[in-house]
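For reference, the structure discussed in these notes is given below.
All chains are identified by letter, namely A, B, C, D and E, in their written order; residue positions are counted from 1 within each chain.
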Amino acid sequence: MTEPILSVENLSVRIAGLHILQGVSFEVAPTGVTVLLGRNGVGKTTTLRAIVGLTPRNGEVRGTVRMGARSLLARPTHRLVRDGLGYVPEDRCVFAGLTVTENLRLAERRGTTPAYDKVYALFPELDRRGRQRAGSLSGGQQQMLAIGRVLLNDNRLLLIDEPTKGLAPKVVTEVAEVLERVGESVPVLLVEQNLAVVRRLAEDAVVLSAGRVAWTGDAHDLLLETALTKSLLGVGAEVKVSARSEPGPRAPQSRTKGGAA
Amino acid sequence: GSPQDTASGGGDAAPVKVGLVYSQSGPLASYGKQYIEGFKAGLDFATKGTGKVGDRKIELTEVDDAGDPAKAVSAAKDLIGKGTKIIAGSTSSGVALQVAPIAAQNKVLFISGPAATDAVTGANKYTFRSGRQSYQDVVTAKSFIGDAAGKKVVVFAQDGAFGDANEAAVKAVIGGAGATVSSVRAPASATECTPFASQIKAAKPDLLFVAWAGTTAPAMWQTLDQQGVLSSTTVVTGLDIRASWPTFGAAGSKISFLSHYFDGASDTEAAKAAKAKIPGGTLDLFHPDGFAAAQMVVRAVQEGGDDVDKMIKALEGWQFDGVKGKMTIRAEDHALLQPMYQAKLSGSGTAFTAAAQKTLTGDESAPPVAQMKG
Amino acid sequence: MSTVILLTLTGLGLAALYFLVASGLSLVFGLADVLNFAHGLFLGVGAYATWWAAGNLPGAGPDGLGFLVAVAFGVLAGAVVAVLVELVLIRPLYSRTIEQVLVTVGLSLAGVALLQATWGADARPFPRPGWTRDVTSVLGAQVPNAGLLLIVAAAVVLGALLAFLRFTRYGLIIRAGVENREMVTALGIDVRKAFTLVFAIGGAAAALAGALGSVYFGTVSPGQGGSLLIFAFIVVVIGGMGSVVGSAYAAVAVGLLQQFVNYYGTSGLGDLCVVGLLAVVLLLRPQGLAGKVAHA
Amino acid sequence: MTEVKSPEVAAPPAAVPDELTPGHAHWHGLRPYAPLVALVVAAIVPYSTVNLPGIFEGPLNSPGTLQLLAICLVFGGLAAGYDLLFGRTGMLSFGHALYFAAGVYGTDVLVTRAGLPLWQAALLTVTGGTILAALLGAVALRTVGIAFAMVTLAFAQVGAILVARDFGGLTGGEEGLPLDVSGLPAALVGVTNTVNLYWLALAYLALVVLVVHRVSGSPTGRVLAGLRDDERRIGVLGLDPYRFKLVAFTLAGGLATAGGVVYCLIVGGASPHVTSSELTLSLLVMVVLGGPGTRWGPVLGGILYMYLDHRLTAFGSSDAVNNLPAVLSHPLSQPLFVLGTVFILAVYFFPGGLASLRARLHPLLAAVRRR
Amino acid sequence: MLATRGLTWRIGEVAIVDSVYLDLAPGEFLGVIGPNGAGKTSLFNLITGLRRPTEGRILLDGADVTELPPHRRARLGLGRTFQASSVFGSLTVRENVRLAVQAHRGGSMKLWRRAAADREVAAAADAALDRVGLAHRGTALAGTLAHGEKRKLEIALLLAGEPRVMLLDEPMAGVSAEDVPELVSVIRSLTGDSGRSVLMVEHHMDVILELADRIAVMHHGALLACDTPDTVMANATVQEAYLGESL
């Protein structure tokens, strides 16, 4: 295997006395999408935030995180980001008081030409609502803005936390397509609950459980093997279909009520 | 110990405790500084350098009230609780007014300092004053217009008790002598005085009496000057401490000042002694108040020992030679009758000098007798 | 008629003074979200530094070019102090708004006391060019030159601040930073630098207000800043927190209201009217005249 | 109508109300009795002749010390009452001094100018102050956040201007109004009776702590804590935010007025200091110094603040300071310089206030105990 | 039970919610779908009173509630969850739910009673926490919960209020795959024979399809369709504007 773009070794995070990550190690391949999976509260977000240096002040981070040869933990967030680490936070964090355009302008980075056409092509809604305050956008529109902000620039690595949450099925498909294309040139570390998206994008997978890595390997292996999926993600084959996959017109079997409970 | 215990005064050779509650910090700190310098000089003078009355040492306890009556009251209670029978000080009127009742409640002597409010006079039988009061200022102001009958006088003052007192005094003193008195009042916080200057100018007074305190004074004078008020009428105001003189700027030489005291206003024995004793050797507005307070303390101890009633007896009606000249403590209301001065500033820029134009004797500037309240 | 002109122009002078004080306050409050009670201290620093420079700094003096140098020195001193305050005191407390307010309260107490300890409680005459003491006759009204100077300075400051907000990215960065500092850094921006810059500008504006205010008053004293601050706060709030233009409108409204009511009504009514105006504006439009938009 | 969003004030660095969380196990059953013990100790302080040189001027039972303690206790109570607004409900009022001042001036004017007996004056004043708080609160609470802070400030400023204007000679303007003690019960007059004032102050403090404690532990207190976090959510849960905020505001106003009555008796008069907006600011400082939303934090903060405020004047003029080189002694002899510096340091070194000290020292104590 | 009559909300010229007529029968489960920005959350805001409509009426049990403030509507039995979790961050999880229970049991001013002593409230709160599977997090501060946990707390707050009409705004967003079936069953148990009605916005079609009796489709603020799931899913416009191509 080629050199990983990002390697996390023995990452350990304590916040307010709670040992949230307890020695997490994994690597992100230099191409394609690596997904970080796990149930609510296992520490996925905490992992991403530790990598970009956004652990709350009362928290304590141990371990090493390296991007190429460079160690990341000691460097301030804005430096990391300027060096090409893009981050899309889980709760969107658009600047509510600023307009959509201002939100995007803020994301422009010195030295690169912002790819507005790419962003607007993906989310025409953002172009149309340029002068609207981001706070009054609908939930899904805010999510688009958050993703758009990071796509504006050239990045060396993207950390994306639940990008499809709150998006309409059609947009989920579109975002998945974009990420797939992005993944071809820029490696992505993705946290995602939507297994359909995971299935489509992921090459490698890391599964967290209670602050530790429970499994790493090829994402397709993980998703193919029902037993594994069930034990690691708690998702059985039937449930997967009825509760998670993106239904289309061709998913009539799930429409029977009470099918899965 | 029981909660109602208080320490009692000591025997004969025990030191006499005197509490000085005044502003060491806060906005009136410079007044306080002059007061205490004057007090120490006065004590030296009255005890002939011994610091003792008979064989009893005068033991001073100085407490800073920072201009806050609540702190002053606490300090007074503390001192009284420790057996102090004489309290002096009070740089600000608010402090004087709140400490006076405490003195009366606890039957100790209180000698108010620079506080100018008329209300201290006659406040109660335990309260005396070692400085001048607003009324005496106003009487001095009146002396600038000679015969008041038919004259038009305007009072220009800030809102509040100080302004009220001055306005009332002018109405009583100058109005009582036949002048028509009106007033122009400004909010205490006013920084822009043009409207008031216009009003004054429109009124065309024969005499303008200005009672103004605080840091906005220089701007106020400049405005009066710019709007031509100073050149069109006689303007009288009180002469503040020396450090403030340069702030009059060009207006300084156009104003007629009534003065409580300035260096050179008198040439008494006491003034010489005070000059020799105080740091810097230049007397200022409130040195005489501290000096007189010390003289009164020594007199009270001499005649009264530890008996406050005897102290009061000894002080009432007492005449003495203070820095300003002949001083009389009027028995009826404890007003301190004292000389007052008319002054003029000359020079300019930062180098003003003051010269006395006329001296009013204590009787000439005497306030009417106040009813003793308690 | 000349009375009305006189009142209007001096009222505008007063408004200009309020605006000069309020502009820095409004900038720091609106952008950095710090209710800066130490603004009065910056004012004092500017005034005392100018005063000191005029007497001691080579090349500076009370007149002509020397006066400009002195004022420039004062403004610089204000900016430097503000930067230090931001770096040392405010920065470690970011996102803890209330504690920041408290630190500025502590600072205003300690700072003013320090000025007082160094230069005494009494007012000192302020060095200023002779022409600022004179008056200019405008249609029969004798308008003080110092007031006119304030009006000119306020207009210049207003223009400069608007240009800063409109033509640089800093306004944007800081507004975003107030909402969510972390996220701004996550976009690759050093938000701390921007905050320091805003403090520097706020401090410089305050110092300028201190220096020119002292020209107007003719004196400098430690407590001067504090008494202006209350009205500056009112101006900032009426104008809409953080809106520089709003502050300008509000300053004019407050200045003229005070001036005219004080002349035609009884004294003290002017202040009550201003407070009343504040209450009414807030009850009808809680976001102030212009709302929270820092660019206009 | 569109909803107007006003710039929010950040909620105070709040703690969960003690009252709503179960006590720590290792305190066992003792914890509920701690306040009672503290109260008893405080009540018998005046019987002690212990001398604490440097801390107080005289022995504990001397009038000066008791007077100082009484003032501190009143402000402890005042801060606790203010915390009901600020720490527990998240309302930043800049006008709390108004209700305190209403208590001080109300009592003083009714006793001195109208000649009413003390109990009538006190009753009228507290009622009046509470009604005033209810009325002004009803108006001010139409706004939120900074706008609310500023409207309350404006109301308080009107109060300050009225007092300074001295209408009809009622208030004595900037000189203040000494209390006419001739009609007062003899037990409250004179230096030897300072102890009674001390007990009065202690009773006031106990009353405020009890009220604040009960209220924050009550169902209403739970709603107030919720309001601090998310007012909209409270509305959607079916509770009227306005009503609850008004109750908190009125209650806090009433408590402050009662504090004013006690303070007026202790100080023996009223002076315009109590109307200043600085007083509200110092209340805020007290609360944050102590720890907002905690039971004892604001009380301790208030006591400590007032203690420093009074004692620093003595510190500034002490020999220890005067003998320092001028660079140090000049600033140090300015009480406000020291006070301001103390705040700044406190904000840094006790984030979360004095009340968080125990938690921060806990590991240390535990280590010591294990020895 | 709940009905809207020509409900419209305009900002300037733009109609965010455009003349919506909805009828929710007792016990009915109505799913609401639509592209992002269609106005679903805005519709909820209008119904719960956080926004005032420019036109139209809202009827609850036949009574006009258009002018009532949010808390009055809540007292009439209208409850909701928020799309962006909105919980009391500085209170513990348990206190959050107790507050909701207490609000439901009569919010009259009780200043002197001890809140912690009310066992009924505590029991009801614990039951609600249990149902969403958060019982083990009871003492954590709500502000520190992970995203998915906050979503569950939102639902617990709703349950605690025992509303008769429930508005759920994307309850599944961010909930991990494993917990979805569990929450689905919790939500299903809300309706049925209890006579309670639910209005639920959700982008997870399978969840909607599983739960909803009828589905309303919103587009550009207007109601495009409101019909049985099968009819709606077969609608070409819905296919094109909302579902797009399946992954």
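Following the convention adopted for this analysis, a contact is a pair of C-beta atoms (placed from the backbone, for glycine too) under 8 Å apart; a residue touches a chain by one contact, two chains touch by 3 or more.
Given the structure is predicted, the values throughout are model-derived calculations rather than measurements.
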| item | value |
| --- | --- |
| Any chain in contact with chain B as well as chain C | D |
| Both-way neighbours, i.e. chains that touch chain E and touch chain C | A, D |
| Closest chain to the centre of mass proxy, which here is the mean CA position | D |
| Chain whose mean Cα position lies farthest from chain A | B |
| A-C or A-E - the one linked by more C-beta pairs in contact | A-E |
| Distance from the mean Cα position of chain B to that of chain A, given in whole angstrom | 77 |
| Computed distance of Cα centres, chain D from chain B, in Å | 36 |
| Length of the line joining the C-alpha centres of chain C and chain D, rounded to whole Å | 32 |
| Junction residues of chain B, two or more chains touched | 25, 159, 187 |
| Residue numbers of chain C (touch at least two other chains) | 113, 116, 230, 268, 271, 292 |
| Multi-partner residues of chain E (at least 2 other chains) | none |
| Pairs of chains, among all present, that meet the touch criterion | A-C, A-E, B-C, B-D, C-D, D-E |
| Complex contact set, residues of chain B against chain D | 1-7, 24-25, 62-66, 68-71, 73-75, 77-82, 93-94, 97-98, 100-102, 105-106, 117, 119, 159-162, 164, 187-188, 374 |
| Chain C residues within the chain B interface of the complex | 3, 6-7, 10-11, 13-14, 17, 113, 116, 120-125, 133-135, 142, 144, 216-219, 221, 223-224, 227-228, 230, 255, 258-260, 262-263, 266-268, 270-271 |
| Chain D-facing residues of chain E, complex | 11, 48-52, 69-72, 74-75, 79-80, 82, 86-92, 95, 98-100, 102-104, 107, 109-116, 118, 141, 157, 161 |
| Interface residues, chain C side, partner chain D - complex | 35, 37, 89, 92-93, 95-99, 101-103, 105-114, 116-118, 230, 233-234, 237, 241, 268, 271-272, 275-276, 278-279, 282-283, 285-288, 292 |
| Chain D to chain B touching residues, read off their complex | 46-49, 57-59, 61-68, 71, 161, 164-166, 169, 172-182, 189-195, 267-269, 271-273, 310, 313-314, 316-317, 333-336 |
